[in-house]
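Okay, so subunit A shows up in both of these, paired with subunit B first and subunit C after.
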Partner chain A sequence: MELTIQNISKQFKELVAVNQFTAELSCGVYGLLGPNGAGKTTLLRMLADILRPTSGIIRLNGQDIRTMEERYRDVLGYLPQQFGYYRQFTGRQFLMYIAALKGLEKRAAATKVEEVLQLVGLGYEADSKIKSYSGGMRQRLGIAQALLNDPKVLILDEPTAGLDPTERIRFRNILSEMSANRIILLSTHIVSDIEYVAKDVLLMKQGYLLKQDRLVSLLKELKESVWKVTVDENQLPVLKQRYKIVNILRRDSGVEVRILSPDKPLLTAQPVTAGLEDLYLHYFNEEIIR
Partner chain B sequence: MGKSRENKGKSVWVDDMDDVKDLEYFDSELESILQQYCVELPEEQRINTTIDVLRQYVPDISENPREVSMMSYWRRWINLWKIAAADIGMFSKLYWISCLILFGAGVWMGVTVQQMPAIVVILFSPLPFVIGLIEVFKGREQGVLEMELACKVSAQELMLSRLLFIVMNSLILNTCLSGLMFLVRGDISFWGLTWTWFTPFIIVASSSLWLAMRIRCTVSSMVTISIWMAVGMILLTRPDMLTRMMDLHILITILVNAVAVYLLFRQGWKLLRNHTFIAEGSLSYGANDSEYF
Partner chain C sequence: MRQLLRYELLKIVSRKSVFIVGLLLAAIYTVVIAFHAEYYQDGSKEYRSYAREITAEDIQRVDERYKRSNWHQLPIQEKSIMEDISGIPNMLHKYEEQLLDIEIRLMLSQPDSYEYKKTKLKEKLLLEQGPPTAQLYYNMPWGELIYMVDQFGVAFMGAMLLIGLSPIYSAEYATRMDSLLLSSRHGRSRLIHAKCLAAILYTLLCVLVFQLINMGVTALLFGNLDGATTPLDSMRRYGATRPFAEYPYSFTVIEYYFIQLGVQTIGCAAFAIAVTFISSLSRSSLVTMLLAGGVLGIPYLLLDVRNIRYPIIEWMVTFGYSQFIRVTHLFNSFRTVNFFGEPILYPIAALAALLAVTAVFVLGTTLLFRRRQAC
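And now, the complex of A and B:
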């Protein structure tokens, strides 16, 4: 299975949200990483065939998804960034409703609904009204609806927003188990989500694809660029001015600072193994959300 | 060399042993040569992929394209009703309760109010449709539309099927109301009463749909109901106005109805176009596109 994104662009009046984006995705989990406003959601909406690209083409196994229409939606699972729901529905009713829209037969739908409810850990609350759900439970319901038709292409926009650490780990494990025979594209700016499950990382900035590579290869670029050093409190402002600071940890012995720099920032600085957070800061120069 | 060939022109027999040996040798030689060019069969999956890719270029096999178009039209039409039938269970209880209350109130008033039963049907006829519009647009209002758009049954089909259903439900309720009043009172014409409510129904339906496509549906429904109630009050206090309206020339009434039906269909068509993709303003009531990323 191959999803080919070929020179996709999307322009909203003067604003180019996605610009000449090209990528090839095969089975596995792909992490789409980028700061707010990078065009991730627009790209995912085009991939979900709910937003028409200004130019370019998206192909699944060589076939234009726009000509595939229903056949593409048949293999598509999509979780939008803002998950809406009908307040008067229970979790089970909502999933049955979405299952009907996905064209599942009633009996098959009931079985599948039960299965996905168990998978996301909502079995015990399935018959409660969605309006009584917590944010995390609603998000899990959103994930469940995306899995209803056993999709071959799964597009998830910020799926872990609102999930607690246990739920996030559970979700990551679900994704890993499912990734063997599916294309999963996961957009987030929570880097740790991607770090554990993604086969490839796609870095996106201002509508462009900056890089697409294996995480290991991307991290190799930062070899000898990430440093750890313990300094006094009064040295911290100077370091902040001169370098990109990834992390500050106050200990009894002083302030432990993680610095991103091509050169050794201080004599006492020790090189450390780079992580995805360092990579994020390197490319996007923004504060990291753990 | 060889013997003469029997049954010349029908079947050919080669009797000469040398010729046969030559042929056998040639066959085996040819086979060994062709072995070098042995083409392996592609995997099943690759064959299927190729078929899938080529499917888009396969034309519809039909001698009569018009027939196909008609069949496709009917299939889509039947499909819409199937969706509507499946979707009825998803309608809010509030909609059903409102319809029941309106119908009950209509029957009660129509039977008990002695003067001008027409005003009762006129006032009640568009209300089930206006309330039903909230159901049509609930996906958009509650943020489910984006998810619905990505499903096999498209959001546009879903909205159109709901729209068809609320139109049908309103027509049935209004016809039943007219029928009951005709049966109970006996002093009014059923067809006259039906004709009386149809015009305001279709006008209010098309204008409320027009409004609902532009602003939040709950607001548009409230606005429409308020305006309609105000119109009702005027009609109640000024019976001469109603008499004048009902005495309008039949051609004018037909013309007004035709325009209103046309506008309703036009709005329905626009509804389909606007909800094919989210870029056309289906998520935020036609707000600036830049909100979408």
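And now, the complex of A and C:
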């Protein structure tokens, strides 16, 4: 199974949301990282066949997905960033409806719906109206619908938004179990989700693919670039001005600061192992959601 | 497909707004009936003694009684019998007048001309119909029942279809559900057909509910539904003129009722498809409702309610959805459409035009949604 994204661009009037994006994805989990406005959602929408690229081509096993049409969508599972559900439906009704849209026969659909409801931990609330669901429950229902047709290509846009830590761990485990024989592309701001499950990371900025590599390889680039140092409160403003600060932790002994810098920032600074958050800050220079 | 259809229908009927508007319309219908209460009186017993050929003596007796008594103070049934009896000479006269007019027109027009063919067609229909029988028929329950379909039907069906179907696509766009629909296997194919079929099934449900309530209330208030097999041209409501006095066909009341039911159902289903099409263009259910409401209501309000008569308005009304929901104006007079020199009866031409427009809307909706991109 191979999904080839070849030079795709998407332009909305003056704005180029995705620019000459090229990547090759095989079975496994891919994390798509980038700041807001990087073009992640637009890219995922093109992969979900709901937005046509202005130029470029997407192929599944060598076949253009636009000519595959239903055959492509048949192997596709997609969780959009936002959607409204049908408040008057029960969770089970909603999933049965999506199953019908995905072409599952009634009996097979009923079995599969029960299975995914258990998988996302919604079995006990399956027959309650969606309007009574919490945000996390709705998100789990969204994940469940994406899994209904056993998709070979699973595209998830911010899947863990609104989930509590237990639910996020459960979700990550589901993804890991599923990733053996399918392509999973996961876009999120929550870097720890990617850190635990992603095989490869795709870094995206201003519509471009900055980098695609194994997480380990990407982190190697930051060797000797992440430092930890304990300073006095009055030294902090100077450090903030000079360096990229990843984290600040106030302790009894002083302020513990995690700094991103190619050079040793202070004599007392100790090098530490880089993480995905450091990588994110290195490339995007933005706040991290842990 | 059946599963998809089921859930599409469930989406429509499970909306609270549909339920609320349905209740509101039921309340309005009750008020209308209450205001018309005096017309819901059984007159079958009074009419029974006149279920025979009306003679010149009967007519003379009624005329004399008319002069002697205070007309307005008579019971509605008696007043109605007297109106019917005194109207018989006029009915016979009108029929003969129409045949005479036909004879003159045939003499004045070229045998191959459209005018000639049209007049010949009218002659054929009138001869098939035969002269009106000089007999009284009691069919007031049907007169009232068909009147309510004609008058209240547009408001009821229009409101129910607008409230139920305006969100059919608009709500999917507004809630961003379109992303999910379009990325699914059947989202660009069977779903569109399921939505169209669900719109039609919902329409059938509304027609059925309205007809059953209307028929039930009429039968209950009159105590019977007598007069089903009487000629349509004799049908009227108490105190009203006969709406089909000059119609050129030969239906009985019950035959016309089923024709009306069929045409109204087709008209409503066509309007449902039009609402669906407009909904596929707009993200806002309200905009859809206003646009589709305008398509249905503006011609109806201008001509039927405000009686503003301009050729363009009359043309709009001729092929307007409200006429198909009312039905009466399709059949109450002899009208034809010139189709390459051949006269086509207006109900047939109008229905053909309606079906053609509906087919275009179905195709348009299919193409629009199939090519849609979810932004």
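The rule we apply is simple: the second predicted complex is superposed on the first by the 290 of 290 C-alpha atoms of A that agree within 3 Å, B and C clash if a C-alpha of one lies under 4 Å from a C-alpha of the other, contacts with A are read in each partner's own complex, and residues count from 1 in each chain.
Following the convention adopted for this analysis, a residue touches a chain if its C-beta (ideal position, glycine included) is under 8 Å from a C-beta of that chain, and two chains touch if they have at least 3 such contacts.
The shown structure was predicted, so the numbers you read here are calculated from the model rather than taken from an experiment.
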Next on the checklist: With the two structures overlaid on subunit A, would subunit B and subunit C clash, or do they fit side by side?
Outcome noted: clash
Next on the checklist: Quick check on the superposed pair: does A:83 touch subunit B, subunit C, both, or neither? Answer first, second, both or neither.
Outcome noted: both
Checklist entry - Which partner does A:48 reach: the first (subunit B), the second (subunit C), both, or neither? => result both
Checklist outcome for this item: Partner touching more residues of subunit A, subunit B vs subunit C, is chain B
Checklist entry - For A:249, is the partner it touches subunit B (first), subunit C (second), both, or none of the two (neither)? => result neither
Item to check | Contacts of A:57 with subunit B and subunit C, given as first, second, both or neither | outcome: neither
Next on the checklist: A:103 in the overlay: touching subunit B, subunit C, both, or neither? Say first, second, both or neither.
Outcome noted: both
Next on the checklist: Let me test your reading of the model: by the given contact rule, A:238 touches which partner, first (subunit B), second (subunit C), both or neither?
Outcome noted: neither
Checklist entry - After superposing on chain A, which stretch of subunit C overlaps subunit B: 43-51, 61-69 or 367-375? => result 367-375
Next on the checklist: Counting contacts the way the document defines them, which residues of subunit A are shared by the two interfaces, the one with subunit B and the one with subunit C?
Outcome noted: 12, 45, 48-52, 70, 73-74, 76, 78, 80, 82-86, 88, 97-98, 100-103, 145, 149
Item to check | Parts of subunit C lying in touch with subunit A, wherever the complex brings them together | outcome: 3-4, 7, 10-11, 14-16, 171, 174-189, 191, 373-375
Item to check | Interface residues, subunit A side, partner subunit C - complex | outcome: 12, 45, 48-52, 69-70, 73-74, 76, 78, 80, 82-86, 88-89, 93, 96-103, 106, 109, 145, 149
Item to check | subunit B-facing residues of subunit A, complex | outcome: 10, 12-13, 15, 17-18, 37, 39, 41-42, 45, 48-52, 61-64, 67-68, 70, 73-74, 76, 78-80, 82-88, 97-98, 100-103, 145, 149
Next on the checklist: Per the contact definition, I'd like the list of subunit B residues that touch subunit A in the complex.
Outcome noted: 49, 52-53, 55-56, 86-87, 90, 92-93, 138-139, 142-154, 158, 277-279, 288-290, 292-293
